[in-house]
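Letters A, B, C, D and E name the chains as they come in the text, with residue numbers starting at 1 for each one.
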């Protein structure tokens, strides 16, 4: 009963923050509310027992997305863009009705569900031993449904290619993002010196532990990306030019390794088949590659296309 | 889905979040706000996904939705990043952060 | 190994894309990659032809735990179409994007994106798992989004963002539907879901959401407005794949869903409603195409109209009609249309691209006097138009004929009238540019080598050939269908 | 070889056409040789076939477009009649076109589509099923449009647009009707009587009306005819081909097929549709003549004359009497010979003397006697004067009309003849009896032979077709054979 | 039997060939020489050839040519007149322009005229009938004067109406007969349900040619305008084609009484109308034309009698005989006008004397050829008709008296003018033949000379002439007012009315509807481009689909 109260309170908070994020009068505060929203959601996931998701939501949903949005807001501010006029009341009412209708339909749909659930948890459990890992989520991600993850890693690459492809033609070959001018003795610079070693450690650990406990390439990679971003923002490390071979190799390393494993399996008789005895090392290998690529890609995504020409 | 357990509550919250996201998507013209709304909506979906997987008597939540949600999160981030990049470039060229049809009085995008 | 050919249809383009990220591939390697994928596609088709439809469990895990790839006639046909169109697109893109002295933005970005689109399409066409389809569609969406914005003009960027709104919302709606289905049935596999009972409210809402999402992504009227600016604003080779192939992926998923996952779903009224929107798309898209002043816009609106035909599959072949004799004919007709339209529309966009390049502008008047300066291109545009109009001899005609037969057999005369009127309307818009090709004196000032002009011509000729040698594709398309239309027209 | 004969004949038109498309503009000789060669080969094959078919042989090849949708190429006597006409006139028109265009540009394009046009016409003649017919019928639309807009000026493009609007709408209606019919009674082959009884009477009537309306666009039935006068802006060889062989004939031929080989005239009669059809044809006959009366320019006059004359064929097809059938079929050929002569001549007048208007013809007879004589023969034949071919058609149509119990047909024919006189004789008067006007005075000589000989030949043929009508291989002889073999109840 | 089709075919082919030959550039100068030669084969066939039928199955719809005694008479008389007129033309036309064209169409007309007499099937008859009708237009308008063109136009219109009507009749009869042969067609007419319609249509076609009142109007217009030799054959030979057609096609016997009466009275009215209208004319050839109308009226009346007679062939033979004489005599009279043109007034008297004799012959004066034929013809009539026929001779006499009177003013003004032998020889040959030939042929008509010379018959030939002379004398003395009947009489008001109607230019054009699109799709498109609209629609679609799916 108490638990339910807590649930309901949490949910109310989430909804409230979400409303604030969506309806907030000022863009910046909306973004901040969105980040908070992500953190609350992370709490919710923990409460639901989905620790992998909680981690991912905190790192990706709240963290990276938040950074992305904050950076965008500041860029837009600097460009001095105009905010479009708010929607007329009629549109608001109609939209609210439509959105409410959708929610209502979903509630109806949820209501009609079989209360006992028919998830795949037992099947995963039954096959976990053959997956090479002990964390069932990682088993699903990197073995049972590794194909999804392969494509997902490619999606990140697609996004990066897309982001780079809208660079200014004059800036092609330059370094991604704006040049950061952090004061060398400022807070950011201090943090920039202090946090990276710690972050690196945490990030690698989370990747490493992902096979058996909550964590994995995505969560870990995100943390590593954050480390790099921090360095970049602190002006301590310039991102390499986007035409740099090594950077590009880093970006494709993860999906490349993944694809190579998949192809090797396909030649051997089964697409993406990881033989039980090699499953764990293979998964770790893939995770390592992925983590590297994800870290690089996510960071580069946040940095955006090059804003200055090659030196 | 009788009996109000945790899963159900969060699933319903997911439904509400979806509604909020959709509403924001519809009434806000600013592309960044739409992106926020999009992310609210997608996280609502994920919440629903995960919560329905966590319903019922079984203690351990279903790992499949969890894995899929992580995938979904990454995909959503990728999409957000790409659209943000588009938006910034667009704003750089036109000085606008909304599509021309959403900026009454300014018909031409160029 | 041959059994794995479909898988390699995804792997090889991906590998080519990765390699192109590192460094744009030299021409011979691009050629090699194309040849390899073409060969693999050919093997896939041969495999389906001989062995029939089959499933490939990924990772050795059977559904519902793992993901299965489904290789049947429809996916094989779409794979083959994709291979042909992509081959043409990549060949057409070579002069514009390849082998520059210095790496340029477009010269670098196009190749990975193109190969990624190829991989994404193949992935979508092969997938047998609803969530995997979601990922594949997102993959496709993001890659095409980048292609749409490639020209970097304000219009292109705006078109890309608009496209993103529709496509991302569509994806979410689809995902929401999938989530609901999983919640109810605990599986994402198409085959397993088809055995489940989909009559509950939950499944109904899911079906509605899935249909909505995919309709937005397929640019069904009235959710089509993003398409023309997006397709018209991209570079011509990109437009060719965007217009010819990309909308076929969500449509393919719609067919998978309605005919493989949920054939027993009730809702005759819903099917009629979707059909009505398709019919409206035919008329509305054609009318707007007629009124365009820009060549590529015109071709893009034609896509809106042509996609409308695909949606007639629902009232003609779906629902209660599924068990009827004409259903298989209608189903094959619509899928046939998807294939022939892909070829023709890609040819049309490639031809338009050459014209725009040669004339230096994008107005319809760029076509003036084309038969004198670039007869092959004019001819290609003309041949493609034949398919678009659905006139014999072309694949479009066969498709239209099959749909018409189904419409009459099922007594739905109104669809027959729309189909027939659509042809006339199509003539209305394609002959506007075509007329200009006969003008005296030409405006194309930039010379285009014949080799380049041959690409769209070949593609258009293929679309035409589909209408002459249509028996084999017809039979092939039905591989794996529960009720084959042996006597398709009886 | 024999099963491939239809394909071979089709190929003799298609292959040169396709090659021509890819020929550079300068390869004049090769182009001419190709086109003439194709035409001659085809003529040879057709002559061989005429003898064979006369012996009662029928050639057939077929393949399935998709299962249940067979494409059948079939050579029967009726098809051969049409093929022979088109083959002979193709050869002559090719010669004429070579003379007409001389060294002008865009000729590879022109001859390519020209061959394609003949290919489609031949295909229509060979079609053994309704769908095959539609297949080639549409191909014809597409192949003729480039010819109509060939000059590429605003007027041509406008005419082309109108042509398309009409023909495309017609095709749409036709397709609608064909599929409706086939989904009701199954695939329709011309040889096998379909299960027409499976249809309700009103369905059968409705489909018939749609079929005829669809085909009637090309056949320029009144109300659907407006593209035809507009298409006059096309080069003379095109007009000649359009009016004599290809487009309007394809429509008329199609209607004949519908009435005789799809429905069967008995059924059409039982459905009491013969009378409405005959009335529509008659209305067109009179309307076309009346419109021709008001024309000031030569080619539109000829065009409206075509509107009128082609409906003779329909009239013949619609009347329930073997005589009428003979008359209609034979007019298919006769009208072709006469009208192509007239258009050839109009082209010569235009090309050599710059004449477009009728009053510019004053006194041209003295300056261009050969052309003028040919024109006169054509015109008198249209009027129906014996012994020129037109008379024979009219005679049989009249007999058929009375035979079918519709005596008023004779009145229609009589009125049409008088109207024909009313618009053709003033033209002839100007040609022969007026003092030479400025155009006649400035007229160039009647060269080259390629321009002047074809009309002379067709005029002679029109004369001979009437004068020796009773000859076994004359058009009349062949039409009688067709009716005797295939349509005698 | 005729020995194969070649000879009769040659009768037609020779003139046609010569006509074509004439237009060849090299032959143009001597084109006129063809004229007298062209009809010779026909003459030879008629006089010396066998009687019978011959088939040329490949030509037209199966051509059959044939000759019996009656048609041979028609053929011979016509061919002879054509020959004489042709000879006349060689001299008369020498100095005119476009001689080759004249020759060509002369030959074509000739072939048609001969073909009419030879044709045994309806198609050949019709083709020949057309060939004799339409090319004659060229002969009429040869001088290309306004009047000639007007005459030609009216002729053409009537001829075409006649052709069309005749063809319509033939078609109606042809279906009934199921054979194109004339005897079968003729027989079929009497049994056909539309027999009266057929006969009416045929009568219009043939009557126009034969100058049957009121279809005669072209004659008085065309004859004065055509060159003299052409007038001669028009009046002497061509009009006979119509008459011959009636003989060939009209069935006889029971059931034809009505038509018989109609033809008799129409013919008689025509005979008298021609006289009265002709008397008012001032143009010499117009007078002759009305005389032809009158004379043809008599012949048509006789045909009418034959239709219901006991022995139709006999009556037809009488008509043939009468026609032969009339053709030659009328031809001679026309030629005489041409000769008069070239003869100075002073030397006109011999010509006038001869013409007077021929005129008397036409009027049926006893002992002349005309007297014989008229007596023979009168034998066919009975009752009041007979009297009327006899009395018509008075009118004919008067009419020709007027002609004779007018002829005097035709003389050439130049005193040195001279009509050469080529002009006068044909004239005199025609006169001789007209005066003598009937006597030779009486036996053919089944009559004996004695019957002709019976006093009562002689008397009945003389009294009308005496009466005519009296009336003529009285008229000369009293000089009554001459009603102004224009040549062509009835056609003049019709023509005026048509011209007035034509002024109100009739145009056949449909109004073009101007359709303006009421709804601009671009506006809708702009609305749909807005994400808020489209998104709402998407939601509506999803929410709408859900209940629809449940239906």
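Just so we're on the same page, contacts are C-beta pairs under 8 Å (C-beta built on N, C-alpha and C of every residue); 3 or more make two chains touch, one makes a residue touch a chain.
Each chain and its UniProt protein: A = Multisubunit sodium/proton antiporter, MrpB subunit; B = Multisubunit sodium/proton antiporter, MrpC subunit; C = Multisubunit sodium/proton antiporter, MrpD subunit; D = Multicomponent Na+:H+ antiporter subunit D.
Everything quoted here is computed from the prediction, not taken from an experiment.
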Any chain in contact with chain B as well as chain C
A, E
What chains do chain A and chain E have as common neighbours?
B, C
More Cb-Cb contact pairs, comparing C-E against A-B, go to A-B
From the centre of chain A, which chain's CA centre is farthest?
E
Going by C-alpha centres, which chain would you call the most central?
D
Centre distance in Å when chain C and chain D are each reduced to the mean of their C-alpha atoms
42
Cα centroid separation between chain A and chain C, in whole Å?
31
Chain D and chain E, separation of their C-alpha mean positions in angstrom
38
In whole angstrom, what separates the CA-based centres of chain B and chain E?
100
Residue list for chain D, restricted to those that touch at least two other chains
none
Please set out, as single numbers or ranges, the residues of chain C touching at least two other chains.
131, 135, 138, 142, 145-146, 149, 152, 157, 162, 165, 169, 176, 183, 205, 208
Sequence positions of chain E contacting 2 or more other chains:
529, 531-532, 535-536, 539, 542-543, 546
Dump the list of chain pairs that touch, please.
A-B, A-C, A-E, B-C, B-E, C-D, C-E, D-E
The chain E residues in contact with chain C across the complex are 521-522, 524-525, 528-529, 531, 534-535, 537-539, 541-546, 548-551
Interface with chain C, chain D side, in the complex: residues 21, 63-69, 105-106, 108-109, 131, 134-136, 138-139, 141-142, 145-146, 149-153, 156-157, 160-161, 164-165, 168-169, 171-173, 175-176, 179-180, 182-184, 186-187
Complex contacts: residues of chain E adjacent to chain B
526, 529-532, 535-536, 539
Per the touch rule, the chain B residues reaching chain A in their complex are 1-24, 26-30, 32-33, 35-37, 39-40, 43-44, 46-48, 50-71, 73-82, 84-89, 91-92, 95-98, 102-104
Residue numbers of chain A touching chain E in their complex, please.
87, 91, 94-95, 98-99, 101-102, 105
